[in-house]
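See structure below.
Chain lettering (A, B, C and D) follows the sequence in which the chains are written, and residue indices restart at 1 in each chain.
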């Protein structure tokens, strides 16, 4: 068995683990070193470091301090890696921890992060998903079971100081356009809850003050939440610092394109088995700015989809100009409306779209003024037939089960 | 063989064909009638009615009057169809015309329509694609050959007066926000070039003045440009008028998600063999606002993808808020930069992204402030290996062949 | 459009068409010539030259003289092809003829050819299948509709005299082991019904006396009946004579692995659009004895299979030694028994296994004494759910429709 | 985590584990009991109980006493199961043991079991395969790496006395036709090496004398070696005794159709996570004689195949009558010959065909006298391109590495 270079104890605070960090900064010390060609295992916390519990209340989703996320395992130093290289990462396998056979999905309150459909689902809600081998079911969302397209939501290499500065600058400019917006337009550095591995003292204070938050995807990859970065895939990451500094976390048991529920996919603790190699000078050779990757030969073969279209006219009938976000939101709302005819609550339907391996396609972006987006819902994940028929839908669920909800605390 | 209810003669002007129209209006007379359960064939012009020619000049792409598009075959009346029904359309087959074994792809000048990357490719360019059975190649874009994911870019039913009014109103409101923009934010009704089947006289004048342009996708479907609406797929269309009034056109031999080149996919004349059925009252039964569909069991099995990521930071380094369009544009630009390393011109690479069965996924839309989009490029369409290797790329093309380009006429 | 080098008139006897032949012999004159790199179209008769009719009687299946088959279009001479080369054939497309939108499937009487399950279905039966674009249905086998995996049952190059002699010798040796068996162990040359293109007189008499029958697959390919040799696939054929001499026929709209019904798949007249190229000296370079091929990127994506196992213990309980034929026969009989629970007659179920894109896998051939074969039945082709459930099967068909049957004439 | 009901210690003899057995007999005591709906984990030995070692000598393959195999974990009693029911088994996951990250493949000597190509490879040879997450490579077979289609080679329920008697009788009849053949036509009961769980004394002696060997697949499933019975699949087993008595073992990390190397696939110790349910009276309801199953939604997506044909004319040129075994053997030999052109030894090529997810299709079984079988070799598993080109093959391997071989001891 490959060596486990980073271990996490789910009963210990993530802040106490010196091989874990929750900010991007070039000064985070390497947690361990490997050679090109090595394969090894990293264990990870769930993205909240264990804050969300396996119970039937959404209070934790409502109350979480989002400045603590995401807890990443790493950085792993790769000997010989230099700025300008490509770090080739084979995701040889990804798994769950034996003592944590469950994950969570939820919607943040609009007061605390929100989500893609936050105007429709403004309160904190949660669903718990049990893992049964490769499959998952939820006691809060009956009638569906699916094979997990397991993947890390967040993976990438350390930025160099120049890139870090560019990130902080451009994001602050955006925040400055509407600084009091709720939820915020972006998240600036925030020292109070920063964790930077074994860094301490002044060095830590400096890095905490500058360290980029882990929420958005950026040039290095980061929180891409790409469901197809699944086990068996191969990723080519830009390298910015000597040793590369690869970190990973935010594992998802399953997720749909867009991760529309934000909190999030089916979030889990677990481990990643990976192998690293280098393409020296690969960034210039291939003209690489963002990571590229190749999908896995091993992915769920769902093939029978029901596909929902959306265009860039919003819920109020207002016309937007080629706006894919608006179009995708309409496709999602159309799918939720459809699923309600079979007995799901809106929240349950939303949760399915956030956690099942749905596809979101940018179908048309040139036919002014309407963008067209499509949401691909695999029909095989349902225990009953959801295809349209001349007879009309049968209400398969009686509404007796719903997802926990928590009112905002004023 | 199923009956061909609408024929088109490619040597005749589309304006002379009374079973063709280029505006959406409830008054367009049914071109023919069928019964539920019938299958039949409709021939179609290419979307420009034959304006673009099989030659080596992009002048026609530069000079086209875009107010003439799209020439649609129909409307087909379906007996018994009433507002509120769903019209179920099986696309039994789609094909090319024996006397027109080629298609075109191009970029409009920024002065005349533009496109997704118009700031990078502001001039008219064109590539011609020859059909060889199920496959296509271009004399202007060497090194690729692919199986066509053939589909109608445009298909849908007639709107009723109320829906038509809503379309015109909301689009005019958008235009009014920047009425002199080039290209325009949307296209208002334009009577001069309207063609409304056999309608004539005052009735034609009224419909021409009100008829919605065919460019954008809307609630009825329309110009969705969804590449997966391919032969073998099944579509459920909302019905707004008695008889439904199904029209189809703008056939594409192949296209990528987004149809980013706008002019367009690989555009072609051809025919559609379809079967229609009804789900009475289906809109309310299933909560349908936009069409839904099921993909075909017969689609190209490209499986080995190279996937490019893009985030919502634009080419100038500016931060945008969860903007999928910006993110997808970056993913496209990243892919173009990559392909240039193998010897393609930027225009050729752009043309490949517009015509090959690339996928565009909305990978992340909640990780503020960056949306993440992915462009999936099938590697099997290339005659050489485009995967990254430690040895670096080999320049397979010497640049001796490029796409015709035409300067704007000032 | 590529040129149609061989045309067939379905109202004319195949014997009158000089570009058609029904025996393999090096003396058959080339019907036409092409250059490497050319693409072209060949029309073909159905394998019986039109003997089987679109009606509701199985008399024609019972009465056919099987010495007339198969009517092949060709041979096509390829300039520069020499013995030892590989002829690379791209099957660019395959289609039906506009005036013949149907095909047939049947079982021969045990007295006249038989079939894989002839002891269970000893009488002539027939089903007619209508083509609807890419799909097919039968008025004799309700409840199924499938996309055709269209392919030529028979394709290959002319043998040289030495190979022809080897074929005739080894097959005669087999016949001699039981010369009066019904049906025969193999089919020797038979001059009376031979058709050899434009060959006539003594030359024809010689070739007719020696010409190998077209029934079995052999080293050159020939009647392989491989369902996956579908449009879009690429085949590498051994070349034995100058010019190669490629012939093709016996088109199938759809077929399962094994073509177990023998008469046959869904048999049809049609056309093949192909492109030819050469690998000089390819047989020795790659150690090729039989053709090799690559499957099409465009094939029906049926994914949800119900899989039946069979072992090499026969219907009478007798143990056979690692016999895959016995095992596959048991898997087929198991599937027929299963389908009868839903209301199909045995003949209908057998017809489905012969015509739908079922897979037959050689699952185990080493675990003495039992071979294990599996039959993969795609569940999506049925209009109702055939999966096993705790509730048991629902009889969906009332038995009012069955396949025509004809008693043997004594 | 589901409970592990049966554990195996790889450092302990399988004969000492009372929850393991190596014969089929109704008297084997249930090793544990579960309820319908339960999910649980069973650990298993490799099929030889650890006899084959991770080293570079094939002596163990040559010397093994094959009467000891296969060591199965079970039987698991299912409460409420009765003869005539169907036992529904969901294979929720299958994995390797942390302390055993490797597997073996080999060819038995013709003197000790042989294999599908024993006349071509008559001596014992072995290759060791290392597991890297979901992938495997071998130090004895360079140039290939593949994702494992992990599955149990052997799984099924206990026979009742009548079925057991039928097995023994029909197999003995076969043996009696050539009782001194090497290797034997079948394997009769053999008491000396029988292991029957916790059975002891006279009860054990009786069962040992009658217990059916585990080598062949039979009506209950058993040693089917079906590569597609992979994790995520669902199997319906006939039940013959109260409690069903489900046993499993002989795990394979990867295997090709036919398991042609016999020793065997990539053989491994590991564990199976499964869930059981019942369809009461299901055998009669569905007409079930042998197990049926549904494949997994999660399987390696290898799509680019090179396909080899074989016909039923043997290596000596002799004609066989519709014999699929002969045809498949020719297809395998054709593929081996082809791979040798790239530098593989015959043994290495044979090992690849036995262990990679190759498909073996029964392509034609009615075209007298030749059966046609096809071997589908996925090209993506090779680190270099094995497709045929006009330039001819490049010898990628220099022959410096080969598989260990051991001469027979006279």
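Everything below uses one rule, namely that a residue touches a chain if its C-beta (ideal position, glycine included) is under 8 Å from a C-beta of that chain, and two chains touch if they have at least 3 such contacts.
All values reported here derive from a predicted model rather than from experimental measurement.
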Task = Name whichever of A-C, A-D or A-B reuses the C-D interface, so over half of the contact pairs are the same residue numbers.
result = A-B
Query = Compared with chain D, which chain's mean CA position is the farthest off?
reply = B
Centre-to-centre distance between chain C and chain B (centres being mean Cα positions), rounded to whole Å = 40
Request  = Measure off the straight-line distance from the CA centroid of chain B to the CA centroid of chain D, and report it in whole Å.
outcome  = 51
Inquiry  = Could you work out how far the Cα centre of chain A sits from that of chain B, in whole Å?
reply    = 32
Ask   = Out of chain A, which residues touch more than one other chain, so two or more?
value = 301, 304, 380
Message = List the residues on chain A that touch chain B in their complex, please.
response = 86, 88, 115-116, 166, 170-171, 173-174, 183-187, 215-219, 221, 223-228, 236, 257-262, 264, 277-282, 285-295, 304-311, 313, 317-325, 328, 330-331, 334, 337-338, 340-341, 359-374, 376, 387-390, 392-393
Query = If you look only at chain B, which of its residues touch chain C in the complex?
reply = 1-2, 39, 91-93, 98-99, 101, 132-135, 147, 231-232, 273, 275, 296-302, 380
For the chain B and chain D complex, residues of the former touching the latter = 301, 303-304, 380, 385
